[in-house]
Structure formats: C-alpha cells, structure tokens
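Across the two complexes that follow, subunit A remains constant while its partner is subunit B and subsequently subunit C.
Right after this comes the complex of A and B.
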C-alpha cells in the first residue's frame, strides 16, 4: 500500500480561496442552552464518563469512552427516548493522531431531537457491537469493518458487506489510493484468468480521454486528417489549426497554438 | 437473397427463392437475436426502454431472455464492478455459440467516470466485445442502431465460421 502523505486541502487550494474569513469550525453552543439536551446529558453523566459535550447545528455531540458505547446507547434508547440509530460509521484520523473516531447518530421522534455520540479508538482496537440494540447497526458495522477494518465484538456476522470477501485492504482509509493498489488493479484478471494472464491483458488504461496522435485506426485527428489506417511517420506537413472560420461569425477566440499547453502526463 | 421473377400463374404457382446456406442461416440468426437481460446500472433503464413498446425491440426479433443458455447476445448495460466480474465471465461462458457481446455505455466501454478501485476499466478486459456503444447513457435509438449494426455484421460473415475464436488470450 502507498505511504500516506498528508494532503492539507491540496485539492481545494489551486481553485478556490475564501474572500473573507471563514471560521474553521461550525460554532458550538453550551449544552445548558437547551434544556432537553441538558437533561439528557445529566442522565448520561450520572452513569458514564463524558469527556466533552456541546451543541452544534442544533444537535448535541457527546464524547464518551469507547468501552461505554453499548451502555450509553442502551441508556439513550431505553430511558431517554432516542429510539433510532440513523447512522453510524468511523472517521480516519490515523495520520493526525493514529486514532479512529466512531460516531453514532441518534434520533428521538418523541423529543424531535438528534444526538451524536462520539468516541475515539486506537488503530487496531475493536468496538463493542450495538447490533443487539439497533438492527440498523448490523449492516453499518459490517460496512465499518469493510471500509476501515474496525471489528465489532459480538456482531453475529462480521464479514465484508460491499467489497468481495477475498478483497485485501480497506478502501475508505485515507492511505488507500483512489484508483486502487496493486491487488485491486489486477483483482479481476487474477481471479478469472490467473496471474499469468497479466502480461496478455495488460494494465488498466486509466485515462479514457487519451488520444494517440499516431494511431489513425482508432483516433481521428484535428487539423491534419488522414484516411483510416494510414501509417503516420511523424513528418506530416504542419497545418494551422483554427476553430474560427475566415470571415465567419465570431464565435470562439482564435486558437493560438503557441500559447497552448500540451499535457504529457496522463495522470497530471 | 437472389430472387427470381416467378410467374405464379404457371408451374402450379410454386414460389421459389434461391439462396445460399450462409445467407439463410445468417438471415435466421440475425433476425432472432435473443438478448440476455443484463442491466447493471442506469444503462439498463435505456435497455428496458428499447425493449418496451415505444422503441419495440420485438420488431428486430430481439427478445430479452432471463437465461444465458437461451441468449445469443449479451448487452452489458452499465458499470461492471470488480466484484461482479467473475459472474459476467461465467454467464458469458454459459451462452451457447454463436454469441455476441454489445458493450453499452461509457462504463462498460472504459470504466467511464468511475476511475476508481472497484470498477473494471472496460468490460473487454473480461470478455471479448463485438460492438461498443458510446454515450452516458446511450439513447434507445443508439442501442437499436447497435443491434442493426450487429445484424449487419452477422450477415456479412460466413455462417460456418462466423464464430472465429474471439478470445482475449
């Protein structure tokens, strides 16, 4: 697997910078500002240790210890009327602090409130399954295992849910390359035809916009058209490229070949 | 087909049409292209539309079959994931010869917009493809035209060795 290099917003940088100051985080309010949440937090604090709690965008966020997750969710479900686990998953903070953040998003239809329970686990640590409390956690925990490799203790069927069972690696880890590692690139070839077919089938073509200038069988060329199948040696006469007809209606600024940039690197 | 002027009032009104074995076999094959129902993604919707009353594939003799053993042409309509790749190979192997494959849409052709770890970058990495249809998704007219092109291709070949071994490897 590729080594992880921190990418501090590299994708956003060349394209966009905020014109005004933007707060790095959504503002937080104290839990005491909402009496329903304050009562809920008191009930949690009475039984479990809470490391942090605040209200963000009208939802209470509570940080607990990883060992308490089953107890806290049981309390929320049975006593505090948070009867639905709408979403749960993990966040990869391995590069920053070698930890995963697990969140459980809870909904109370009676109180019309949402609470998010969060906790940190070490890399390689397992969590307690909450599948016995919420059936929705069944698939969510399997997805968490599939995508991050975090196992849930006590889960009845701890297997991958989306990727094939014989897959290697966990795709939602930030170290996992988007276009797949060596295993992923050859997965279907290895599985169906065997490793010896790699040379015959060849590597994946990852640039579908690629145009081979000297392949007249499969690509038409702009500016210097040749009949299909012509062997092009590379010393064909230069023809000025223009998208604007002489004397035609002005549509497009004339294409200046001198100022254009040729992109050679298909990965750019 | 070579057609001769026949005077139906003579010779007992016997209709005669002269042809060759190749042509009559290919005539039959090309006009009863039974397609394997293979909708993998949104292209499958366009494929279904092609089969339904507005575009009406039945006119071409193209009837969708749910079994590869009854199908002549596999229309791969949609994104082929790596998890599914072994099954498309298995279904292709279950089809009886002669068999043809139409790769429908960008995803089946090249992986399309799914330039990711989980998508096969072109169905021709797994099975040999006769016809590539461009588009995302192609209109039903494109698929109709593709089937007509495939019919043309079938008719242009000899019936006996119409299926030269098309293999990736």
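Right after this comes the complex of A and C.
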C-alpha cells in the first residue's frame, strides 16, 4: 500500500524517507517519579479532568480539556506558584485530525519547575483568553491569532500583530504556501492603482535574487562595469580585467617588505 | 501618469485626529533612532503626557518559525544569528542546546568550556552595546564611543574565532566546530584585565551625572507583579526585585561549576536596570576568568574532543570523513537529508543577554521540525510598553525603550 501523504500539506518534503523507518521516542517518565510534579498534578486532577500527563525532558506535560484552560492556569498561578506564562502557541494538526494543539509553557520560580499545559481544539473553535491572568498572553494570543487564525474569547484587542493588518491567510498553517502564486505579482498593483494600471506599472518582481544583466540602471555589473544607462543588447562589451595577484598592485610602485611592519595583535 | 486614487484603507491611518478632548495621537517611529529598530509606537498624548501607548511591531518579521519548519536542523543555525544580532552566539547556543536535549547528546567538556566563553563574551558585547546606545539616546556621546571601543576588541576576538563579527554561527549542534585560536586566551585576558577600569570609566561619567540621573531615576518603574505578569526575564526581571537567573537556577553547560553572583535590585526603575547591566558585565568577566582556567585544565587532561560522538546525528570529525568510508557516507546522509531526532517535544530556556531565550521544538521524527517556537525575551519587553508608558512624558519614552534593551530581530523574528 502506498504511504499516505496529506494533500493539503504544502510544506517542504524530506529529500528521502525510508518507509520502514520507525522513529524512536523521546523517553517519557511517569509523573510519580517527581514529588513536586506529582503534588501539582494531584491538585489539578482534584478540580479538572486530565486526559494524559507525563514528564518529558524534565518538564511535566499535562493534557486538559479546552474549556478548562482558564481555570487550570488560574489554579497554577494562584495556588501552585506558577507565576509566569513563559510562552504559548499552537501546533497545526489539521491535516491529521482537523485539530489544533495549544500549549501553555508555565514557570514556577519558587519550585524551579516548568510545566506545559496542552489541549486540543477543533478547527474554527476559539479558546478562552488568559490575558486577565497573565498580561503576557495579550501578545501571545494575538500572535497565535495572526499565525494560526485561532481567536481568543475575551481578548481586549484581537488583531494581527506581526503581519500587516490587511494580510490574508495565516502563515504558520501547514496549508499556507511557501511562495506566492503567479497572481501575487499583481496583488499590490491591483489594490493600490487598480487593474487598469497594470499595463503602465507592470508586474511586481518577486524574486529577491533576480539580476538583470542587460539593465545597467539598477544593477551593478560586477566585473563588466559600464557607464550607467548604457544600452546593452546581447553582445557583452569587452572589459579588460587584471588581478593584483598577477602583476602586483599598480598604484604601489615600490614596496619594501623588509621595512614594513605587520601588526599581529589588533589590540596592541 | 494620471494619479489614481489610493485604494488602501489601512487600519490606523484613518483615525480621526480632530478630537474634542484635546488628545493628540503621535506616531513614534517606525523609523526612529532611539527605537533600536523598526518599532512604531502610537502614543495618545494629553499635552506631553502619555495616556495610552500602543506598540506596533512586525516590520522585521521574516517568518523564522515557518522557515525552521522547512529546513533541516543544521540549516537553521545561521537563521538564529539574525534574531538577537547583537549577541548571536547565544541564539546559536539556545537552538543547539534544544536539539541536543531532544536527541539526548552529551557535549564534550572542552566544547562546553569554549561555548561558555563565547556566551559570556556575547553577554559583555551585548551589554556594552546596550550601554553605548542608551547613553547615546540620552545624550552621552562619550560613553557611546568608549563602550563601542571595548566592544570592538571583543568583536575582533570573535572574528578571530569564527570569522564573523555579528552573525557568528559559532556553535554547532553537538559542540563547537573549532578549537580556539592561539591568541584567543591572551587577547581575552588582556581585555578582561582592562575591563574593570573601563566599567569604572563609564560609571564615573554616568553615576553622578545630573542629566543621566534625572532621565533614569524614578522613570519607567516596573513593579514586581507587572514584570512577572508580562513574562519579563533577564535584567528587566532582576531589576524589579526577582533574583532569577537561569544560569544559576537551572544550570546548563558548566555554570554550576563557576562562581558568580546574580545582581538584582528592588527599585524597578531605569536606573536599577542600568546598575544591573553594569554589574552583570563584572560577573561575566568573573566567569570568563574561570573558564580560562577550565580550558587549561582541559588541555592538561588531553580532552581534545569538540563534537559529541553520535554517528546518527552528528558528522564524524573531518579526519575520519576524509579517511574512512563509513564516516564519509554518514556525513553525506547528514548533509543531504539531515538528522532525524526522535519523536517528542522539548522546551529549553537559556539565559541570553536580553533574558530567557527559549526554543520549543516538536519533532515528529522527520528531518524538519514539525513546529518550532522561538521564545524571544524582547517580544514581551516590547509588549510591556503598553502598560509602562502611560503616565510618562515623551522624553521618558526614549530612556524607557533604551533600558528595556529590545532588539527587533528578536521581537519580530
């Protein structure tokens, strides 16, 4: 049977994949192996439903229900001394199960422990904003909205933060293309000047590495310099080139190596 | 060409400026010399006093997280240089450490010592840059010239090591690519011996300077609660009364073997942050002296390895690649296909000069990370301006932005 490849994943594909390669797992430990984490987990379990919990690379990961996120974070902050929301964002699992995974990375400075609270939401579902608990979530949730299109209920200013306000699409989705399409060259021309101006303005050049060798106005012709604005059609003008290594530097008529000083230590 | 009406309807440009309550909306930036990058602040003003501040970022957004998802792990290393480009080795290190934790690599001791040297040199470079630019914003030209002179020495040392002055890429996943050059320790020691006098010079110029004190003291006060709530880290957090340094609390590399103290202050104003930065430079110098001894101990004990030995993930040393067939094959596979870490996720925080630099990596066993989240400290240090600026006056904005030490390569990623 052919290996399944999601059709809406437009990301770069690995150069080579062994179909029979089974990737190893990063080891997980039971929460009971750490006293502090075990006590924290008990406190969470007493009030909320926990679907999974384990320790991975020294940090506890707890899976909760999406509706409980505010409550769990409030509990962590007020009772369990997790005073900072270090980071939060989402992971796109749309191709696999039409879900987003959201993680909240919490830090307790008193206990010197880090906990990751995770939850799944359906595509199109909004999360409860935790901005009232942690001001840092103000910008994190805006970034999450910007990058994934996940809205936070109760957020005071749910606008894009990194992309322009009039941007369309959410860049970190796996379905978001890595390059613009052929119509992209006209987007801004159409929007600012209107379609009727296409002939006057021409398409936008979207290749940042593009060098036009016949355009002496806007591109330096390294090694083939000509006066600016020279019209070049096909035949390259012959340029005499010489290298210092071959005949020495022409400006220095006489160079006495013995009497010159070489500085080894720039700080002297 | 006929003028055709502009059809763009941007979000903020159509705010009505004629308001009845005399409120003025001032655009501070995005091109402003004291913003240290592309920061646009929309300030609501009553006379000269700010009533509301709205930082607007994203002018330097390059989509690094998206780039990371479409690159092999080693390929992403030079991109991390472009985050906090004032101290790029610390970004390299944060990423390398995250992948090492994910894979479970043990880095050789000599590489660890060299990494610590690079990290602390970067910290001093970054703090010197901070001091220079902030002092310049406030008008102290001399300090700017002094601090840049010293920073130049450090950049020369780094240039001698890796060939680059700003974008180092000096750290690899699994170790460091090169041993330090012969003149490295001598140059470093020369610099460190001079540093206390240099710092004293800056402090002589600033500590009793009336203008400096008026712009710094009791300005930009961040309370402990606010700094915790906004996720502040690094000097921003320590100047507000929380003595939290990841090097001390969750030691990585060999930071548990070196002696240094964590300067902090309860004041929370600009001046407190200035004091913390100055003191941190002294502590970094202390660490660097100890790493020099640690390096000589490595030389003495003949610990010459610089890269971890893990054939599945790390290429063999160059000598092996050139002489042994299997090492060459492995190297070829690792370069063309990239390493495939195990399935799992990791969040690793390191203490960069600006604060907590975290890398969250979710690996699904492929050669590209499935999701990589960069936790850059400056992002929240910019966000806090929303709550910090109201109540201050326009000149204070400059000194507050200065002491938050934000770098936009990191904010926008």
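Note that in this section the second predicted complex is superposed on the first by the 156 of 268 C-alpha atoms of A that agree within 3 Å, B and C clash if a C-alpha of one lies under 4 Å from a C-alpha of the other, contacts with A are read in each partner's own complex, and residues count from 1 in each chain.
In this text, contacts are C-beta pairs under 8 Å (C-beta built on N, C-alpha and C of every residue); 3 or more make two chains touch, one makes a residue touch a chain.
Everything quoted here is computed from the prediction, not taken from an experiment.
In the superposition on chain A, A:191 makes contact with both subunit B and subunit C. Contacts of A:177 after superposition: subunit B is touched, whereas subunit C is not reached. Once chain A of one complex is fitted onto chain A of the other, the partner contacts of A:92 are limited to subunit C, with no touch recorded for subunit B. Of the two partner chains, subunit B and subunit C are each touched by A:163. When the two structures are aligned on the shared chain, A:229 is found in touch with neither subunit B nor subunit C. Note on subunit A: of its two partners subunit C and subunit B, the one contacting more of its residues is C. With both structures placed on the common chain, the touch criterion links A:200 to subunit B and to subunit C. Subunit A residues in contact with subunit B (one complex) as well as with subunit C (other complex) are 162-164, 171, 176, 178, 191-193, 197, 200. Subunit B meets subunit A in the complex at residues 82-83, 85-86, 89, 106, 110-112, 115-118, 120-122, 125-126, 168-169. Touching subunit A in their complex are the following residues of subunit C: 1, 4, 6-12, 57-58, 61, 63, 65-66, 69-71, 101-102, 104, 153, 156, 183, 187, 190-191, 226, 228-231, 242, 244, 249-250, 336-338, 340-349, 356, 358, 360, 362-368, 370-371, 373, 375, 379-380, 383-384, 386-387, 412-413.
Residues of subunit A that touch subunit C in their complex: 11-12, 14-17, 21, 23-26, 28, 56-57, 59, 61, 83-87, 89, 91-92, 103, 105, 109, 112, 114, 116, 134-136, 138-139, 147, 159-166, 171-172, 176, 178, 191-194, 196-197, 200, 264-267. Contact residues on subunit A toward subunit B in their complex (touch as defined above): 162-164, 171, 176-181, 184-185, 187-189, 191-193, 197, 200-201, 204-206, 208.
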